[in-house]
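You will see subunit A twice below: alongside subunit B first, and alongside subunit C after that.
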Partner chain A sequence: MFNQLGGVSANPNKDLEVTSPPEDAVSSLEFSPPSVQQTFLIAGSWDCRVRCWEVEASGKTVPKAAQGMDGPILDVAWHDDGTKVFMASTDKSVKCWDLAANQTMQVAAHDAPVKACHWIKAPNYTCLMTASWDKTLKFWDTRSAVPSMTMNLSERCYCADVDYPLAAVGTADRAICLYTLEGKPAEFKRVESPLKHQHRCIAIFRDKKSKQPTGFALGSVEGRVAIQYVSPANPKDNFTFKCHRPPAAAGGYQDIYAVNDIAFHPAHGTLATVGSDGSFSFWDKDARTKLKSPEPLDQPLTKCAFNHTGQIFAYAVGYDWSKGYEHYNPAKKTYIYLRACYEDLKPRPS
Partner chain B sequence: MGRKKKKASKPWCWYCNREFDDEKILIQHQKAKHFKCHICHKKLYTGPGLSIHCMQVHKEAIDKVPNSLPNRSNIEIEIYGMEGIPPEDIKEHEKQKTGGGKGSDSDDDEPAAKKKATPALLGAGPSTVTPGILPTPMGPVPPGMYPGHMSMNPMMPPFMQPRMMMPGMRPLFPAASVPTSTPSKPTFPAYSNATISAPPTTSTSSGSSEAKENGEVKPPAANSCPLVTATGAGSKIVHPPEDVSLEEIRARTAKYRPKPKPDAPVAQPAPAPAMITPSTSQAEVAAHMSAAVAAAARQQHAAAAAAMRRPMMGAPMMGVMPQTMRVGVPVSMPPVMGMLPVMHQFNLMRPIQPGMLLPGGMMPMGAMFPGGMPGLPMMQPRFR
Partner chain C sequence: MVVCKFFQQGNCRYGQNCAYEHVYGSKYNYYANAPSQPNKPQQTGVTDEQLVNQVQSDVQAVLRGGQWILSSYAPFKEMPSFPGIINLSPEEARLLIYDATSNNNLDQVISYINKVVKENRSKYEQLLQPNANIINTLRSIYKGETPAEPFTSTVNAGLISNPSSLFRSAAQNTPVFNQSATPSIFSQNTNAFSSSSVFAQNKSIFGPQNNQSVVNQGQGIFAQSQETAAKSIFAQASQNIFGPQTSTSNQNQNLFNTQSPSSIFASANQNIFGPKETQNAFLSQTQNTNVFQKSDSSTVSPNVFQQAVVADSGVYSKMEDLQEEDLEMYRSEEFTLGFVPEMPPPHSLCF
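Then we have the complex of A and B:
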């Protein structure tokens, strides 16, 4: 199970390694929704493939299936019923992968690579939301070749998240647009970015009591995360914090790394961030404290995910291009690790 | 807007393109951000001053002004507030400010407290700063003496001389003054790390010159903030210089280009080109839940829907969706622009610069398009 070749540095936290990992960096990582009994993990990769594993209770991973597209995968999403997976690619299309039949079918298209796809399950409709570098956000009912709705973005989409009834899209011009999905998707408001650098990842969080989406966490390339409420009761509720900035060597420059992904724990409401520096950290946004930062790895962490019960934290290790093409070392393998995280993410007792 | 005129005349920092309400705050900013010694935190008065200080006191050479934009990092140019800025840069900045673009309120970058905290040391502006209270080793220096002193200064390159004639009251040799023994705390701790970026509007102005430095050409206005820069004292952001997402940069690499579909030209459905006309895209944009099938889209809808009903696996099905036909076109191919008007704003469609898109020295353009010139004639059959 453990990585025998990479030694300690490749897996310093002794986490469980997913078998048959992708051959190139992982761009997207999602656990199956609660509607399926078993736990499946899907990962989209720069090797143009999407892979599916079953994660057994023991932590053992069994590769189940894989599908390819014509370009690298940029995002994956589960259908709410857990039988299908959507995969968005640089080939400007999104395909729906029926896991049972192992068949794929194109369900969406853009004029440029599709950066994000999310399945929306509303009481009165379901649809696929896709956001692209063609500066549009489209909604598809997956049976029609034309989108049921197209909205313009101010710039290329860099990150998006959906938690019904809220959708949030971050764009290249450091804008954030929020959408309400109730009834039908509609622009809700544009938010001025709390961050001064390129947006990289966004994750919606829920209110602790009402369990309704109430805000989002936004990560930038400048090692910083903003916690932003949609309608803050107090403007001081919004704040930013620094992360993924390993201490500087004596007298040297401090390197600041990109926040590659943010995920909220489904049960505790705490969050995890992964960065180009190869580290991941768990945070309690309400107590504004770091809960844990396990040992950093020797390569960037590109993506992370919690399963729906919040027992498993998955994170993907691989080169994210943050140091440019020159630092790409094909000899360094991509890994996905699983970690039991339920205790680690318990919020600080207040 | 009546305020535009005023904005154009706001003092701004040559090193990072930030604007300020008041020149004295600009000077404070420059001292704190650009002229501060990273070793003893002493605030100097000019770039050359900082350089001389570090050389003489710490025996360290500084080649760049801290926290400056890449093309504005020249440590040898003596700039104090708005004085000493090369006239062409002033012109460019004015043009940028008046030439439209959303005005970014760079004042937001500063905490309110910071703005109020004006030390008594500085008067209302640089012109009223009394040289005598500045820590020059020579004591007060009357402005008239500047040219003479400057010409005696071997550290100053000769081209600096004309600018030195300005009746500024910059301290002459601030670097030579005795360093404070107690390292002062960073003035704005919260802001000491990489939080201030160049305001988007102003930094675009530097785009052209930056492009030259990086050997890259960026389409104007494609990015509001073209470079990932501006880190605080002693820190740097690990990211390619271009302010474009890692995914976009990566996707440009030859290795990650979507596979060309070998049978794409054959499999093209006849009405395909209709899908990429601007009118169609507008129709799509206008379409809403209820009016999903707009009149213009109806025709392709039928064609595309028919295509989609087929399973999408296996070779014969490749490219059945009209949109997918463009898959084979490398995203950064400029000639495609002519045929894909809807994509003209797309950032990756920039003019190709040798070596820019394909690090590693590969030239797949030639391989993919043996005609040498990645020109239209080679591409057109795909769209017919």
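Then we have the complex of A and C:
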């Protein structure tokens, strides 16, 4: 029933290991925004904690702080000024962590675990967007205990991304909804899913020339990614591609692994995907080619992130539950690795 | 992502297991026997057999590939999912187990999840050998009608066919998915707000914007801010916080062990809901009556939501100049090989 990973070493690519990693799988991984001079990495984990490291120029990581919540963490997000971090938990709340004071304060609540949180910085407002398995999307002034706005989702939120003025939410039962954040948040359109199976991750990408958000990449449990433009100039601009599928075995059927995360390179506009198969790949969506596919690891990769300059690629290794409870081995440790990636993600010369 | 040349020549030996992308070329270089395609140009042209073949090959790949089984499945791209298939993400399943671990009812929850998995697997298997009901449902989905659920259920479907019931029951504190007892964390605090007129009038943060600053910020969305660069965001940078806490969690097997559940609105000086803070926070907004004032579009840089309307109508075909076949093509999401129109699309189908 389940695929087995075997015969591969823990860190085959000799990437830099982050010190004092989380005790359980990483659910969320984010580098600090450009407003902070140093580079910080935060990771939310199933061990109910969020950790923050400083990443030095040498690649050395120094643990700086940690905070906990009453349930596993499902998402984290930076405030644009880099002084605060938002943490979304299965305990149905979101807390704001003031890094300087090292104190937390609840800023949002839902009726079910909160799957995603994103900080929105608009010219005329700032707010926190939260999306939950309670089938709602809420926008919060972090100073108020009631949401500024609540929108219903057709299903439980499985993934969300924000890049002002666009927000994209993927839900159970393959729904996608796009929101415009200009002036105030409003539903923009519902998109029929180009994928046939459960949505898992979504990432907004920008137009190469205008540098404005123009579409999104959507990953599913079927090991497939869809590149979808909000308003495609040509229907053929939208396409899907298979990934994280090792070569077919003798039986003729390929093992299928979920795409666990997608991240776009901030400078090149190319993208990285990580999968349950333990591998990560770099892609050029415009040339429609794979740029690089480093050696696979011995556990699934749950999450990945680029820092804001695009020099560092971080990826988290740990069990993603893709094979269920029976294959959960608490003895297997969680790791986060850092890799210099600027050259590897350069687009294919056209 | 690399396009398979052999497929376009009509003789790829690997079929759906090919490592390369199977993309149809234009109608001029396509020779293969058309496999069942979900988006046929004429709906009457697709046979039940083609629909069934499509589904069988998808489902075969799911079952043999070891794919996450608690997933919805759509037989056709950009069409509704097949009804009745239970949808649960790995994270939801994981949380059920973690909750069960702390509630000491792990066996109960595992058997529950196994039942859901079995139920879904049996539904996928029914799709492999579709009966008349399933074929009817496929046809309705294909035609864009609301499909009826065709499955003959093997286990207690009433309980588990609605996945959201899992978390609804969590909120109701049933024994299986026991969760925190307080449904609304803010409930104790709502009184404070109902008595406060400040919040009643100013619930929204999407206040009117200063046009001057919009111009500056709108152009500088991607510019880097330098102002906070020098200051460290950590007050106690030298403190090693991971040390003691890591060893604590090592000793404790309970996944749900966290620090002592603190009061939600920590200490008095932290309380942003206090009157003094409130006044400051909302001082600038008290004059605003229109909370969702629309931004002046002329000051905002063009973006994805603003589509350029091409004024030149000459680039479009007139509706009456196009054949029904071509119109059909432009109406569908994807072109089908052999039916790609040679005339430009009509204006009405472009926007």
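One rule holds in what follows: the second predicted complex is superposed on the first by the 340 of 350 C-alpha atoms of A that agree within 3 Å, B and C clash if a C-alpha of one lies under 4 Å from a C-alpha of the other, contacts with A are read in each partner's own complex, and residues count from 1 in each chain.
Criterion: contacts are C-beta pairs under 8 Å (C-beta built on N, C-alpha and C of every residue); 3 or more make two chains touch, one makes a residue touch a chain.
It should be emphasised that the depicted structure is a prediction, and the values quoted were computed from it without experimental measurement.
Visitor: Mind checking subunit B and subunit C on superposed subunit A, clash or fit?
Guide: Clash: subunit B and subunit C overlap once superposed on subunit A.
Visitor: Under the stated touch criterion, which partner chain does A:Thr150 make contact with: subunit B (first), subunit C (second), both, or neither?
Guide: The first partner, subunit B, only.
Visitor: Going by the contact rule set out at the top, does A:Pro72 touch subunit B (first), subunit C (second), both, or neither?
Guide: The answer is both, since A:Pro72 touches subunit B and subunit C.
Visitor: When the two structures are overlaid on chain A, which partner does A:Lys209 contact: first (subunit B), second (subunit C), both, or neither?
Guide: A:Lys209 sits against neither subunit B nor subunit C.
Visitor: Looking at A:Thr136, would you say it contacts subunit B, subunit C, both, or neither? Reply first, second, both or neither.
Guide: Only subunit B is touched by A:Thr136; subunit C is not.
Visitor: In this superposed model, does subunit C or subunit B come into contact with more residues of subunit A?
Guide: When the residues of subunit A touched by each partner are counted, C comes out ahead.
Visitor: One more residue to check, A:Ser20. First (subunit B), second (subunit C), both or neither?
Guide: second
Visitor: Considering only the stretches 4-12, 94-102 or 274-282 of subunit C, report the one that runs into subunit B.
Guide: Comparing the options 4-12, 94-102 or 274-282, the clashing one for subunit C against subunit B is 94-102.
Visitor: Go through subunit A and flag every residue that touches subunit B in one model and subunit C in the other.
Guide: Correct list for subunit A: 27, 46, 48, 70-72, 74, 90-93, 103-106, 109, 111-113, 115, 133-135, 144-146, 148-149, 155-156, 158, 172-174, 184-185, 196-198, 200, 221-223, 242, 245, 248, 252-256, 258, 320-325.
Visitor: Provide the residue numbers of subunit C that touch subunit A in the complex, in ascending order.
Guide: Going by the criterion above, the answer is residues 1-3, 14, 17, 19, 21, 23, 58, 60-62, 64-68, 70-79, 81, 87-95, 97-98, 110, 113, 117, 163-164, 167, 170-171, 180, 183-186, 189-190, 193, 199, 203-210, 213-214, 217-218, 221-222, 224-225, 227-230, 232-237, 239-242, 245-246, 249-250, 255-259, 261, 264-266, 270, 272-273, 277-278, 281, 292-295, 300-305, 307, 333-335.
Visitor: Taking the complex as given, what residues does subunit B use to touch subunit A?
Guide: Those residues of subunit B that touch subunit A are 109, 193-197, 200, 223-225, 228, 231, 234-240, 243-251, 253, 256-259, 261, 276, 281, 284-289, 292-293, 297, 300-301, 304-305, 307-308, 311-313, 321, 323-324, 326-327, 331, 340, 342-343, 345-348, 359-360.
Visitor: Subunit C touches which residues of subunit A in the complex?
Guide: 1-3, 20, 23-24, 27, 34-38, 40, 46-49, 51, 63-66, 68-72, 74, 81-83, 90-93, 99-106, 109, 111-113, 115, 122-127, 133-135, 141, 143-146, 148-149, 155-156, 158, 164-166, 172-174, 180, 182-185, 188, 192-198, 200, 207, 210-215, 220-223, 230-231, 235-236, 239, 241-242, 245, 247-248, 251-256, 258, 283, 288-290, 320-325, 328
Visitor: Mind listing the subunit A positions that touch subunit B in their complex?
Guide: Listed in rising order, the residues are 27, 46, 48, 70-72, 74, 89-93, 95, 103-107, 109-113, 115, 133-136, 139, 144-150, 152, 155-156, 158, 172-174, 184-185, 196-198, 200, 221-224, 242, 245, 248, 252-258, 276-277, 320-326.
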